[in-house]
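Following this message is one structure expressed as structure tokens.
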Amino acid sequence: MSDFSSALWAAFSLVIQLDSDLAEIVFLSLKVSLIAVSGAALIGMPLGAALALFRFRGRASMVVLLNALMGLPPVVVGLAVYLVLSRSGPLGVFGLLFTPTAMIIAQLILVTPIIAALTRQVIDDLWREYEEQFRSLGAGPGQRITALLWDGRFSLATAVLAGFGRASAEVGAVMIVGGNIDHVTRVMTTAIALEVSKGDLALALGLGIILITLSLAINGVSYVINEKARENHG
Amino acid sequence: MGKSESILPLEFRQVSFEGGGKRLIKDLSFRLDAGPRTIIIGANGAGKSLFLRLCHKLIVPSSGEIIWHGANGRNPAPAQAMVFQRPVMLRRSVAANVGYALSLRKVPREKRPALIEEALRMTGLNRLAGYSARVLSFGEQQKLALARAWVLRPEVLFLDEPTASLDPAATHEVEELINTIHQAGTRIIMTTHDLGQAHRLADEVLFLHRGRLLEKAAAAAFFTKPENDLARKFIAGDLLWWKRGKDNRNQISEGVMK
Amino acid sequence: ASTTSTENSGLFAHILPIFEQKTHIRVRVIAAGTGQAIRLAINGDADVLLVHHRASEEAFVAKGYGVQRHDLMYNDFVVIGPRKDPANIAAMDGAAAALTNIANAETPFVSRGDDSGTHKKELSLWRAAGTDPNKASGAWYQEVGASMGAALNTAAVMNAYTLSDRGTWLAFANRGDLVILSKGDPKLLNPYGVILVSQNKHPHVKTELGQRFIDWLTGPEGQTAIASFTINGEQAFFPSAQ
Amino acid sequence: MGKSESILPLEFRQVSFEGGGKRLIKDLSFRLDAGPRTIIIGANGAGKSLFLRLCHKLIVPSSGEIIWHGANGRNPAPAQAMVFQRPVMLRRSVAANVGYALSLRKVPREKRPALIEEALRMTGLNRLAGYSARVLSFGEQQKLALARAWVLRPEVLFLDEPTASLDPAATHEVEELINTIHQAGTRIIMTTHDLGQAHRLADEVLFLHRGRLLEKAAAAAFFTKPENDLARKFIAGDLLWWKRGKDNRNQISEGVMK
Amino acid sequence: MSDFSSALWAAFSLVIQLDSDLAEIVFLSLKVSLIAVSGAALIGMPLGAALALFRFRGRASMVVLLNALMGLPPVVVGLAVYLVLSRSGPLGVFGLLFTPTAMIIAQLILVTPIIAALTRQVIDDLWREYEEQFRSLGAGPGQRITALLWDGRFSLATAVLAGFGRASAEVGAVMIVGGNIDHVTRVMTTAIALEVSKGDLALALGLGIILITLSLAINGVSYVINEKARENHG
């Protein structure tokens, strides 16, 4: 298992060297994923809640669609975004391809269904408890959605974290729309893929270890915040 | 807050409700006018809670019509409020639970604290205002549910066994409160298993049995001489049981039921 | 294990059925970047290695991982660029001069940037041109760190110059506005070698079957099969086994 | 099923319980022996439910000791069962809710149907055996919770206001059932807000006030002449309220409280 | 948008040709993902439930770890599995590399944390309701886990579907450990990646459409089953 120990070593030396290239990549990774996940949460949570709350024609199909979209293949999403943003595509004029913005868009598309589907699940359970009380109080659609998202916030954290996990681990889509251009759109996952194709497996694993450590840190912080808040308002 | 025009009378026309493949409410037809306090009594599972839910438009009849005067949307009219048998506490503080109800009725933010304060005081909960509502004792939750409904000053107030888990003093206070609210013009429609309470509060009684309305009568008439056999048995069952109580409580039961 | 260019160009789809029909030996192709492919072979996860970077191949054999390197075939690299040719390289003589023009014009150039055979060739060309493009990395010099196909997809949208092997280019569908602008320089020759992985390091290697495959590839039948593979009517690879 | 050796007496030594930063139960010390029916009374929020939870080892004291004779694991002893004030219905049928309790006690599969059938019959639920437990009316759920606890034939049975939502006849039947169970040797520890019921069922009364045990006395003594001032007020508060009832009900209240 | 219409056309003609190569790839994709997800559910659901139910030292860290592992980068997992299964790795003797089994193992590793973390969330909410009742009835650890998983089965479906989405969309790991060998380990996602690198974007998108349609069908079937069951036992 010398590969694993040299991977640890690679990760370790990368970190203590405070390599500025690495810092740049880490920073871009975090920026892209966090913006994409925030956007996805902003869209996906109200959407998921609305699907849980309202009974309308086509609702069942939308739920199924949403669940299925959790399995959107990143490469396909990347490709579709690539075609839309490419110079000859409908949004080509904005010149967004191979920029971090393009990567954020691709991740947003991938992550929104995940957050929306998981939110629907959480809010559905909560709504079974709240429905009659809220209808009796005369809460309007928007008020119901906000109140349920608020009251379900502790349970919804896992949904957002699942989305963050998908975004930060994702490589297929950002590779296509970002292009893995050094100093411009290279993020942790595409850097890992590059090292793999170079055959430098130890470095690739090392970068992987750094990525997982980062994600552990973010999860740790959000767990602590969540538990503290729950203690106060259980 | 419903001060404009009355939403009463309420009329049921041949209302039935099905659930789980069975008819749980059967052919209810009657009319409730503004004014009296209506108490619904009946055995467990008779359909009392379903009945209140139908009135309050939380469930829709499988057949028949429920007509409120000038309030025929699909949702409960803002002039109504309800205290559920199994109160739902939002995951917020006691005060915020009441405040939330006010915010939904667009009561100006600056007016809310006073209203919240008053509602909590009336139900004896002001000491607990900052508590998380979900750690309250069951009785405290029932009081909070009442405060939350009453703060809206509804024209029609549905109460589903509002004192079932209250201690004797609190029960008494809630009964007083109900009387006060009633005198201020709120139409009370409530259920109870406490026949003494029914006796004290009712102007009009509806007796439900297995989803059917067997008797609708003025309280005095109902308690002294129920027309319906089953209603008589229901009251008598109670009587019987009091009679079988030990030692000096025979006379009590006589008293209650006379 | 093989480099991606041979798989992407469709060469294997052309020649393997001929071989399999004759010998009933099933060949499984794992297409990966040259670096990754060599790594797979070093770990003993492949029996035969087919790549195109002579120095690495010789090192592989020298370290005892490979039995022997055989010349197999060659094609050439071509400089691809936008039809309008803003850096005006089509007129230049030789690849190095073409790259010098690109550097001077600071027109976008997409580099594989993945240590692949193609990337290494590109770097040697820059050296010959006397330019260090890394200074411009992220500006007009875009290191995409990706496979040839991905690099071409990127170049197609950027309308950028890039270096590609002819096989991948011929089979590539998403060309956009790109055309071949510079070719034929002897420096652009792209020789492929084939190596049997040594049983000394990995006893489980299917030496006999692997050897038969290599023998067939480098023998007359294999060489004929390679020569007969065309893309859009153009011959993609030229046999070179001795 | 706890037939072997008794887990009584139960002893509390200086037991306190904190929650939400407050002392909710304060320095409880007493001993419950085998035999009598113990009724816990007190106002809403007095700590009755917390008290039962402490006894049943669902929560652990912040300080002090709770000692069961020979059953001092961290979990409720199998010889105990409890009916919660807010019954939890498993997402299964009525019969399956009872059956699940039996399966946990490793009652042989072939014996279960008869036991389930009997428990449901005793609580009047047999008609509903196949229903999903979660659609039952509140009172029906309370009966089911009782059936589920009783089917385990516990040596000690905790009942948290078991008749709060029951109709008069059902209340009566449950009181009979409690007596029967008690006579068959089960130790009853229950809370109630119904002072009449407390009077009928209690052998021994514990009066809680704001987390303190203010009085522990034999029922007869407690109801006729409570030693503690607050206890007297609690009973009198009830009396007061009865007195303020309208017309002919003055005499009743006198009767109840005398 | 001619790319999209030609993609639709590509998808359509692939399907009506009943291409046997395509059928093989589709079949292998489904087989690998379904086996991996079943395995992950079998491991992840009891694990997640146990984390929700039991309070022990290190529980918080385990929850954080599990949440973070939802963001395991597929390429890193692929690499690690590759190193372990490689001829020179510890399990090399079994010759599993570049077989569907290796792909199943990689997906199992990716999907198990997702299912476990989401299960923990669902069971945590349910346990808040059930805890005292179950402790009172004297349910043992195993009995609690089974009963909660059973009572939460409708809500858990979304967790499993999220895992299925991840597995069926995944390309980075299966590419490395499967090798995308034609007729042996080629699945939908690796086939799509191959077409992208060939520049045949329409065919790639077409395959993507087929993959999403498949996933829609599976989600639709499971939704219908779930709703039917819920009607009976809500």
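Chains: A, B, C, D and E, in written order; residue numbering restarts at 1 for each.
Keep this in mind: a contact is a pair of C-beta atoms (placed from the backbone, for glycine too) under 8 Å apart; a residue touches a chain by one contact, two chains touch by 3 or more.
Every value quoted in this text rests on a predicted model; they were computed, and no experiment measured them.
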| item | value |
| --- | --- |
| Mutual neighbours - chains that touch chain A and chain B alike | none |
| Chain pair with the higher count of C-beta pairs in contact (D-E, A-C) | A-C |
| Chain B-chain D separation of Cα centroids, rounded to whole Å | 26 |
| Between chain D and chain C, distance of the C-alpha-averaged centres to the nearest whole Å | 82 |
| Averaged-CA centre spacing for the pair chain D and chain A, given as whole angstrom | 50 |
| Between chain C and chain E, centroid-to-centroid distance (C-alpha), Å | 35 |
| Numbers and ranges of chain B residues touching at least 2 other chains | 132, 135 |
| Per-residue multi-chain contacts in chain C, two or more chains | 32, 147, 150, 153, 156 |
| Junction residues of chain E - those touching two or more other chains | 82, 89, 196, 201 |
| Every chain pair in contact, whichever chains are involved | A-B, A-C, A-E, B-D, C-E, D-E |
| Complex contacts: residues of chain D adjacent to chain B | 19-20, 42-46, 48-49, 85-86, 128, 131-132, 135-140, 143, 161, 164-172, 175, 193, 195-196, 199-200, 234, 237-238, 240-241, 244-246, 248-249, 251-252, 255-256, 258 |
| Chain B to chain A touching residues, read off their complex | 53, 56-58, 75-76, 78, 80-82, 84, 87-88, 90-93, 100-101, 104-105, 132, 134-135, 148, 152 |
| Complex interface listing, chain C residues touching chain A | 32-33, 35-39, 113-116, 137-138, 142-147, 150, 153-154, 156-159, 176 |
| Chain B-touching residues of chain A, taken from the complex the two chains share | 129-130, 132-133, 135-140, 143, 147, 151, 232-234 |
| Touching residues on chain C, where the partner in the complex is chain E | 4, 7-8, 13, 28-32, 43-45, 147-150, 152-153, 156, 171-175, 202, 204 |
